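Letters are used for the chains, namely A, B and C, taken in the order the chains are written, and counting of residues starts over at 1 for each.
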Amino acid sequence: MRFLLQRTVFYLFTAWAAITLNFFIPRLVPGDPVQSLITRNQGRISADAIESLRVLFGLDRNDSLWEQYLDYWRQLLHGDLGLSFTFFPAPVSTVIGDSLPWTVGLVGITTIVSFLLGTALGVGAGWRRGSWIDGLLPATTFLSSIPYFWLGLVAIAVFAGPGSFFPSSGGYEAGLVPAFDQYFIPSAIQHSILPAATILVSSMSGWILSMRNMMVTVSSEDYITVAHAKGLSERRVALSYAARNALLPNVSGFALSLGFIVGGTLLVEIVFSYPGLGYQLFQAVGSKDYPLMQGIFLIITISVLVANLLADVAYLLLDPRTRKS
Amino acid sequence: MTDPVLEIRGLRVDYGLGDQAVRAVRDVDLTLHRGEVLGLAGESGSGKSTLAYGLTRLLPPPGVVSGGQVIYHPVDGPPVDVLSLTPAQLRRFRWAETSIVFQGAMNSLNPVHKVATQLLDVIRAHEPKSTPAARLARARELLRLVGIAADRLDSHPHQLSGGMRQRVMIAMALALEPQVVIMDEPTTALDVVMQRQILGQLAELRERLGFAVLFITHDLSLLVEFSDRIAIMYGGRIIEQAPAGQLYRDALHPYTEGLLHSFPALHGPRRELTGIPGSPPDLRAMPSGCAFHPRCPKAFDPCDETLPPLGPPGDGRPDRTVACWLHPVATPR
Amino acid sequence: MTISPSSIEQVIPGQGAMAQPSATPGRTKRRRLRFVANAKAATGLAILGIYCLFAVIGPWVAPYDPDARSGDVLQAPSASHWFGTTHLGQDIFSQILVGARSVMVVGLLAGVLATILSILIGVTAGYLGGVTDEGLSAMSNVFLVIPALPLIIIVTSIVEQASDTLVALIIGLTSWAWGARVLRAQTLSLRRRDYVEAARATGERTWRIILFEILPNLTAIIASGFVGTVIFAVMSEITLAFIGISSISSWNWGTILFWAQGQQALAQGAWWWFVPAGLAIAVLGTALALINFGIDEFVSPRLRTGGRTRIRTADGRTVRMRVGFTPVLAPKPAVPAPREAAPRVDGAR
């Protein structure tokens, strides 16, 4: 379990680094960002909001940076991420709490499905080199080079529109109340099909390709030759010997690329006005809602760290060599 | 002598196709008799491993078998041409009739599966009707045979030492009681003590189980001690073949002589170590005539023109063959 | 917008018992040429060349001023406006041409910056080892795990109307970690090679060893890392422009998409507004990916697709070459090898 402990310590360290980064970013803003916000939104910001912003930017006190940092941590540990400026007076934590399930549902599930499906196809492509799957590789390369959000735009243009089964925006039918009932759930699924397909199409090819290349590399290992020499069935050699070993680097690659993937998939939410974190971030950026932006960045980072830890556990279960007692 | 179990006739193995093909094994004839140890020696690049992988059809792309026959004689039933088996037939043939112990003890075992899994899956693949309990009992018995405690079945390869791994491989090779075991540098990666231990064990097992061994190594001194007969390969061809003792005492081919002088003798009088000047031939551009002539201290007229045929030398020793103009074949057609 | 893990990292030199004769060291020059001969790399490089050309001459050859409004509002593609017009009557073809420069400049600048950082950090960590290595490795792992795009979005949004250079700077500073990680691993293994050990034993200076013994062997990995970063930088820049964070007064393909999205191009059926920009990005991304495949295949030839994989065997069927079942070729007419009158005598008989 040493491995897992090491990883946990590393993720805690990363979380600390991200939080510290989060603390410093607004302090790097030149001038008085709050003042410029006030002038820009003349009269539309309440006094409370201004106060909350000043706390965030560390402009209201004469405390040293260190004291501000400690204060920041104190707030954070109480789950206090500040007040959202756009949704004033809603706290950032509430806004995030509302949108997080949508993102976990859409991005989380499609990322995992994409990895599993892409890996399975990659096993086929790598094992049967020169078969028809190899012919698909150029097409998948092209698909993976398309920005997710643009593919989303095209998907909306082609599939959505008046009278279409696929809605072009939102996470559920307007007028429904989010609840686990027979009206809401089908509607939520209907709204998620198109964004999910968009993410799937453009993220899967990376996994196909990396798994194919790992299969090709592993296929020349001695133990594959031994497996053939043993007269095992094609299926067993391909799955239990080749794919089983090729999976290991792919899983660690999955953990490492999570940060990249999540960043990209969040944009799909913007195009589909899907009520998740990405769309929320988009709106926060548009209205310079710094507390919300920071909160979202923090929560995305921590989610990615947790996902990484889960991927590490999966790796641990797959590779006996890291399982030293 | 006993009857043959594996006959290789005119085997050719290439890397690549058409004009770019590199001919790594050229018209090799070799016979392995039931229960004997046949040593195959040569420098790296001489084609000895390619021969082994070619005859078992395990050579990865771009390797191809471009000609010849490999005839296997089962204990009962008609002979089988290994090169004309379909993949399904080949799968059934493999390991049950000929098994292989590979060079790299480190990489021969699947790192993610337990020893038990890897021993049991081969038994199950070939004897699907056996019960799990019977298979497990066999696996335990096999490990005991090579001197490993049965509780090692639950170990993963990385938990075993190099010597243990190679012994597991040997146990695995004997799992289906094959008639032929091919060993490709089985002890090269191990230290000398472990090497001798394993070879001793192997000799003992062969005595008991009666399988034939094709033993491939670059270490001729090892073969002299361990094998019944030795064949020497150079540039993709067999250039000399003789009973081990005869070859050691009286090597006919200058290359064999050179090889013998490249290793310290384990027993007997000390000899000067000289080695062989020059380097092995480039398979892409083989010298004309005898492939060895550019390095041969005794080369003379015909050597760079005509390839010497392999056959019993004229001075009458019918149990050995050589391909050298110094010892022309007795009855050249 | 994923960065697929490069397989270079996983290529293990020497493949055990089955290793085939490899090219001799003296052939590096020919191998370099062979890289260009690789169809994928050649295609990618050619497309990239065209893009670079447009980045240079784009603003001059553009038929219209990309900002100039006209009466032809929201026109479909025609002879006078190849890619149609916007809601203000601006020529989209001109916007694409002018925007190419910004895209290429940011992509290359960020790529160069990230590559330099990754070499400095990765090679230093791998070569020096010890505490330095642990510190630098931890730092690059942190940067690797933190989602880069949200970070870039937030940092950029703090700066009002970020310029291209600033965007490139921010992207470059946040995206070096992958390259550093791969380079560190490779340097670590190079450092243990005999010739490096020998150079160290003879008292060669560290910087000389790194410059002359280590770096030349990392060329392929550095190149592939550079290309990967350029892909990421281009995608990030376009994303920033698309969500309206970076300066919207200068043109790049993301800006075009920003206006198209903002003006409901989709709802109005103005497909020409967003399709050309997206295709331009996708083709550039494909070209860069192809170059990277070329590098991958150059480093480990086994990954190559195509080539002759099907052959006719002795039993008259066509089979795919594969591991585990060496094909037996159809016998040619039995011509004995030249000058070989070998009687098939078996020694033991």
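We adopt the following convention: a residue touches a chain if its C-beta (ideal position, glycine included) is under 8 Å from a C-beta of that chain, and two chains touch if they have at least 3 such contacts.
It should be emphasised that the depicted structure is a prediction, and the values quoted were computed from it without experimental measurement.
Chemist: Would you identify the chain whose Cα-based centre sits farthest away from the centre of subunit B?
Modeler: A
Chemist: Find the two chains joined by the most C-beta pairs in contact, please.
Modeler: A-C
Chemist: Distance from the CA centroid of subunit A to that of subunit B, rounded to the nearest Å?
Modeler: 54
Chemist: Subunit B to subunit C: how many Å between their CA centres?
Modeler: Each chain reduced to its C-alpha mean, subunit B and subunit C end up 45 Å apart.
Chemist: Can you give the whole-Å distance between the Cα centres of subunit A and subunit C?
Modeler: Going by mean C-alpha positions, subunit A sits 23 Å from subunit C.
Chemist: Going through subunit B residue by residue, note those that touch at least 2 other chains and give them in order.
Modeler: Those would be 53, 58, 60, 87, 90, 102-104, 107.
Chemist: Which subunit C residues reach two or more other chains?
Modeler: 16-18, 309, 321-325
Chemist: Can you tell me which residues of subunit A touch two or more of the remaining chains?
Modeler: 219-222, 225, 227-228
Chemist: Considering only the defined contacts, which subunit B positions touch subunit C in the complex?
Modeler: Residues 1, 9-10, 14-15, 17, 22, 26-27, 29, 31, 33, 45, 49, 53-54, 57-67, 83-84, 87, 90, 102-104, 107, 184-185, 229, 241-242, 283, 306-307, 309-312, 318-321, 323, 329, 331-333.
Chemist: Inside the complex, what are the residues of subunit C that reach subunit A?
Modeler: 1-5, 7, 9-12, 15-18, 138, 141-142, 144-151, 153-155, 157-158, 178, 181, 231-232, 235, 238-239, 242-245, 257, 260-261, 266, 271, 274-275, 277-278, 281-286, 288-290, 293, 296, 300, 302-303, 305-306, 309-310, 320-325
Chemist: Where on subunit B does subunit A make contact in their complex?
Modeler: Those in contact with subunit A are residues 53, 56, 58, 60, 87, 90-96, 99-100, 102-104, 107-114, 121-122, 125-126, 156, 158, 169, 172.
Chemist: Which residues of subunit A touch subunit B in the complex?
Modeler: These residues of subunit A touch subunit B: 219-223, 225-234, 236, 240-241, 244-245, 248, 318-321.
Chemist: Hey, which residues of subunit A end up touching subunit C in the complex?
Modeler: Within the complex, subunit A touches subunit C at residues 10-11, 13-14, 17-18, 21, 25-26, 28-29, 33, 128-131, 134, 137, 141-142, 144-151, 153-154, 156-157, 168, 202-203, 205-207, 209-210, 213-214, 216-217, 219-222, 224-225, 227-228, 237, 249-250, 253, 256-264, 266-267, 270-271, 281-282, 285-286, 288, 290, 293-294, 296-297, 300-301, 304-305, 308.
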